[in-house]
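Scroll down for the structure; my scribbles are underneath it.
Labels for the chains are A, B, C and D, by order of writing; each one numbers its residues from 1.
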Amino acid sequence: MQRIKVAVIGAAGYAGIELVRFVLNHPVFELVAASSDGDAGKALAEVYPALVGQTDAVFSTHDEAAAADAVELAFLAVPHTAALAMAPGLMAQGISVLDLSADFRLKDPASYERWYGVPHTQTGILAAAVYGLPELNRAGLKQLAARRADTAVLVACPGCYPTASALAVLPALAAGLAADAPVVINALSGISGAGKGATATTHFCNANANPNAYGVTTHRHTPEIEQTLSQAAGAPVKIVFTPHLVPLTRGLLATATLQLKPGVSAAALEAVYLDAYANEPFVQLLPRGIMPRTASVAGSNNAQLGIALDTHTQTLVASCAIDNLGKGAASQAIQCANILCGLAEKTGLTALAPVV
Amino acid sequence: MQRIKVAVIGAAGYAGIELVRFVLNHPVFELVAASSDGDAGKALAEVYPALVGQTDAVFSTHDEAAAADAVELAFLAVPHTAALAMAPGLMAQGISVLDLSADFRLKDPASYERWYGVPHTQTGILAAAVYGLPELNRAGLKQLAARRADTAVLVACPGCYPTASALAVLPALAAGLAADAPVVINALSGISGAGKGATATTHFCNANANPNAYGVTTHRHTPEIEQTLSQAAGAPVKIVFTPHLVPLTRGLLATATLQLKPGVSAAALEAVYLDAYANEPFVQLLPRGIMPRTASVAGSNNAQLGIALDTHTQTLVASCAIDNLGKGAASQAIQCANILCGLAEKTGLTALAPVV
Amino acid sequence: MQRIKVAVIGAAGYAGIELVRFVLNHPVFELVAASSDGDAGKALAEVYPALVGQTDAVFSTHDEAAAADAVELAFLAVPHTAALAMAPGLMAQGISVLDLSADFRLKDPASYERWYGVPHTQTGILAAAVYGLPELNRAGLKQLAARRADTAVLVACPGCYPTASALAVLPALAAGLAADAPVVINALSGISGAGKGATATTHFCNANANPNAYGVTTHRHTPEIEQTLSQAAGAPVKIVFTPHLVPLTRGLLATATLQLKPGVSAAALEAVYLDAYANEPFVQLLPRGIMPRTASVAGSNNAQLGIALDTHTQTLVASCAIDNLGKGAASQAIQCANILCGLAEKTGLTALAPVV
Amino acid sequence: MQRIKVAVIGAAGYAGIELVRFVLNHPVFELVAASSDGDAGKALAEVYPALVGQTDAVFSTHDEAAAADAVELAFLAVPHTAALAMAPGLMAQGISVLDLSADFRLKDPASYERWYGVPHTQTGILAAAVYGLPELNRAGLKQLAARRADTAVLVACPGCYPTASALAVLPALAAGLAADAPVVINALSGISGAGKGATATTHFCNANANPNAYGVTTHRHTPEIEQTLSQAAGAPVKIVFTPHLVPLTRGLLATATLQLKPGVSAAALEAVYLDAYANEPFVQLLPRGIMPRTASVAGSNNAQLGIALDTHTQTLVASCAIDNLGKGAASQAIQCANILCGLAEKTGLTALAPVV
């Protein structure tokens, strides 16, 4: 099969290097540039010794990456606002963009400005972008794939918390089972979610053995989760979102508590979830009574899900485990890219990760 | 000062050996017996090498411990039902009991039978017992102290999850700020909470890097938490309680989400919490914007607390960190024992634990 | 390409399930049986939730696995003595064996009896077996591959400590650079090296934050390492081997200290190592000054190596990192099986593992 | 008893805050200043939330600390060269110094300059300083205590690796049991040993699950260890020292391999060690066959030790566990300060640390 040339922009960060890994493992995508303005000129293997002997690739500058010949897709693993600045130029060159930043996730530019503190300067691209959660927007992503014949397109890849939160409750909301009450989401993230920067927060002696809530009432993933849940419910949904850091490198667990309408039974709930995820290649509903664990999905694009009905309060407890760098970032972007290129969704994503 | 002789029953488990540690560090209590039917005859230092050179104590049998001369207090760190069997005999000997099991926590014997699967056979003792959360029942504990002049008494020491959960929301409930909706409590526990038994769950390779919810809708601390919150509120309170295991040895974090009545302001909330905990020797309300972390309280009897008002949903998010083996078990029992003996509550509990 | 049918015997243990993973990821090998007498009848995904949605395979009994149709290769991930019992029957059926136990590693049956406490009952198979460290015995493995046309053969796959220890010092010994003094090897193993059994040792609360030496002077890998180093040196080599457990799930680091002959220079050493490993597909000598880290090889068949000359004592310090379940067990067996089947050594072993 | 006023200089680092903790727990020492030029003006509890509610102390500048009234002792937990600059001024004021930096450890100024890259400017103080390993230099420390009546004195507190390394082999060397060969020391340190600075090394995602050797042949503790071992042996001793970082917050394990003279028996070895440490208040020789573990000494001033004779190579393997911030830094300085003040060595150091 004809290889498809791709560039990873911002490749030295955690999501970026994970994108590089998935591209190198991919049978169709071909890595032609991996940029990092900070590490430009260094071998990838110098920065990440795990890559010694695995690749000779060298970090380029962004400009070099953008100028690489025949690139069809660019993955942007850059901070918010950087994608705002980069996407137009890439798209003008005909390069479609898988943006892992937050810049094109919120459909309402005013909401973006409120939560990110800067005005949205690319509202045209924003309007045409599709939010890349395949379990919610597969149809939209396929339309984008069709449009890509004519023009560069952009997929706004979801954040890690929003991905796990959404997968936990989408079926219940879409089926109209939820009562009118805020959805409470408590989530646990591994430390890689805090990024590669060396800070007081990411110091081993702070992060180890030291779970803690953070960003309470203020985390920027809040409006993104609400937007997604509201889309699924067909009506505004509010959440109370409390993220926590826990001592592991990779992994994210979102546990949602959702008030159900009176009369919704465990059997009805289960049927709705089974139906919603029966054909999803990367979402596994665990058997009754089993709750998901982050280690089970580490290194993969899988999301594992457990649900329970608390009859005492008529409440759904749904817990979803993903790898924050996998389904929560890099491999979900690959899944979207596969759709964008008309490939099977599992292409390049089938290698089993360690199970111990 | 005259030493008070104490026995630790079930001293080889994690809570038991922590009780031994706090007793050995205590200026008034004197350890005269540490029993473990499984390890009887072995030196404590053989089972816990950290004690090599620190104590020559040897595990006795329960019968030997119960027969020790002049014991005034017995700490029971035994499984539920074992305390039911042991307490009457000890109390008949005039020994007051600090029971760390669940056997005397639920005031309603029917609830005990429903959640623990066995009938409650000591309803007389149960009726006279006081639930040993000093922040809620200090007056009751002091009455017990007075009664101890005449008769042996029993304190039902709280579970780890109930301690942290209660401290997180008691002030709001007691002040009547809560709306009529279930309180959602998500909690994270270190692996020592699963006990000393070697199981598939406690295997390092399962527990490491692998947060997961468990006991969803079925955890036995649920009725205990509801009983405590209802006492504080003066009306029935329901909860949705979801515990998780996270990869650390010690530490417990309970994050509660509580719907507030309309109009309750952040200032009002803060005032209520400041007032409730101003004179508590072991509860620290953190400055606005700071959420508690488990490492800060490891090895101590402290509980650290952070609160935030989510104005978007008129919800309180309150997070409380304790050491599950400290304030959640052993050192809280010492605090109760101090009250029972008319000692200052901080006696033996002032040594600072490591802060890094 | 024609698939080659393989069975994994003892598939429920850590090395076993990792073999299953590598076989499922392999383009030529086809898993036709995964046996576990303890878990027979259960789905693999029931025991290892990471496999939910990834495979429908069910654990069989050993007898069912041995009777599976057209199996060409059997991987034995069973305790020592079990392989002694199983190998003859499998080989009589024409099935070649990759044995991950210790039963056929020591060439001297008397040494086996001394260290493992039982007589060696299959000395014929032992004599014909090849020790499966490709970096040392590639020629022997290729001869075995040729012989497999006529008869079933057996590869004795190396232990985890011997693999890392050997790769650390083989080049220096083979080149005759070592003085006549014991080689000191200190090694660190993740907890998965202690096996899947739930024991006091593997309990999270014991293993976490608690490095310790064990098996000092008595570890059974000692004679295996000495045999391998002596083969490389062409003369008897003695070692002082001190393994340690350290708090991680997977990973093994062996640091060897080796007295050099006078006059051996850093340049000479480096040349010898570069030459020895230049064409090895899975051994990476790191740039001067860089020492290997276990996370860099986790989940892979790679071994990373760093060397330094201590001129102060004319000593080589060589440190080698592997994944104890990868190059130290499962994936090295796959590498050997590839050689046995005439496949490229990297077949099925090229997927990059996570680099963060 | 009359309190003794002390200052902790450099109190915001890990060793510094641990010194603060031990001083606050001490019945005789009274903390009158805790300086940190970087955090001056902040409450200790702001920087270390574990101290909320435990102390109202505020970080001062160094100048403020030096000017505090009636300070008798200053603990210097500052980087090397800073102690060179600070000690003379403090001593001129009559303040005795417990220096935890490396500035006064190496008796040979030329060695200091070679390893630390700067000339030693305080050779007079250096000559009079005593190296504060009580197990080796108790007599010298007592002489210093006597001299303190007349003049300020300085104790050069040992590094963490040198403390554990020395305790592992001092008895064998002092008894003349060692053959003439380099002592091989492999050591494992928790991440707090790398200091409080947020760096690529201390990032959780780098340090977690990732043991690695570092500073091979170049670590600055090498000459300090050699000096100490040579003093004990009464003759020059060379070492090959290989430190490793392992994923835990606190704890240090040094495993030494030492060639013995022919004929030295296990019984003779054991007798020598038992005799050497029989009266040491903080060193515990574990029973035959037991090797020490770092968690057993975390938070304390204890050193636990195990020894084994490898008869195969006539080699001693001795492993010693300490807390790098305890006996390896802060609490050993307190032990020295106790000696300096004529207090019992265990004063303020008896509280048991958690044993689970």
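General observations
Simple rule for what comes next: a contact is a pair of C-beta atoms (placed from the backbone, for glycine too) under 8 Å apart; a residue touches a chain by one contact, two chains touch by 3 or more.
Please read these numbers as outputs of a predicted model, since none were measured by experiment.
Chains that touch both subunit A and subunit B: C, D. Between the interfaces A-D and A-C, more contacting C-beta pairs are found at A-C.
Ranked by distance of CA centroids from subunit B, the top chain is C. In terms of their C-alpha centroids, the spacing between subunit A and subunit D amounts to 47 Å.
Once the centre of each chain is set as its mean CA position, subunit C and subunit D turn out to be 39 Å apart. Averaging Cα coordinates per chain places subunit A and subunit C 37 Å apart. Listed for subunit C are residues 14, 192, 205, 208-209, 247-250, 292-293, 295-296, 298, 356, each touching two or more other chains.
Interface of subunit C with subunit B (complex): residues 14, 191-192, 196, 198-200, 202-205, 207-209, 247-249. Subunit B makes touch with subunit A in their complex at residues 181-182, 184, 186, 188, 190, 205-206, 208-214, 216-217, 238-240, 242, 244, 246-251, 253, 255, 257, 259, 291-296, 298, 306, 308-313, 315, 317, 319, 321, 356. Residues of subunit C touching subunit A in their complex: 14, 17-18, 21, 24-25, 48-54, 192, 209, 249-250, 284, 286, 290, 292-293, 295-300, 302, 304, 325, 351-356.
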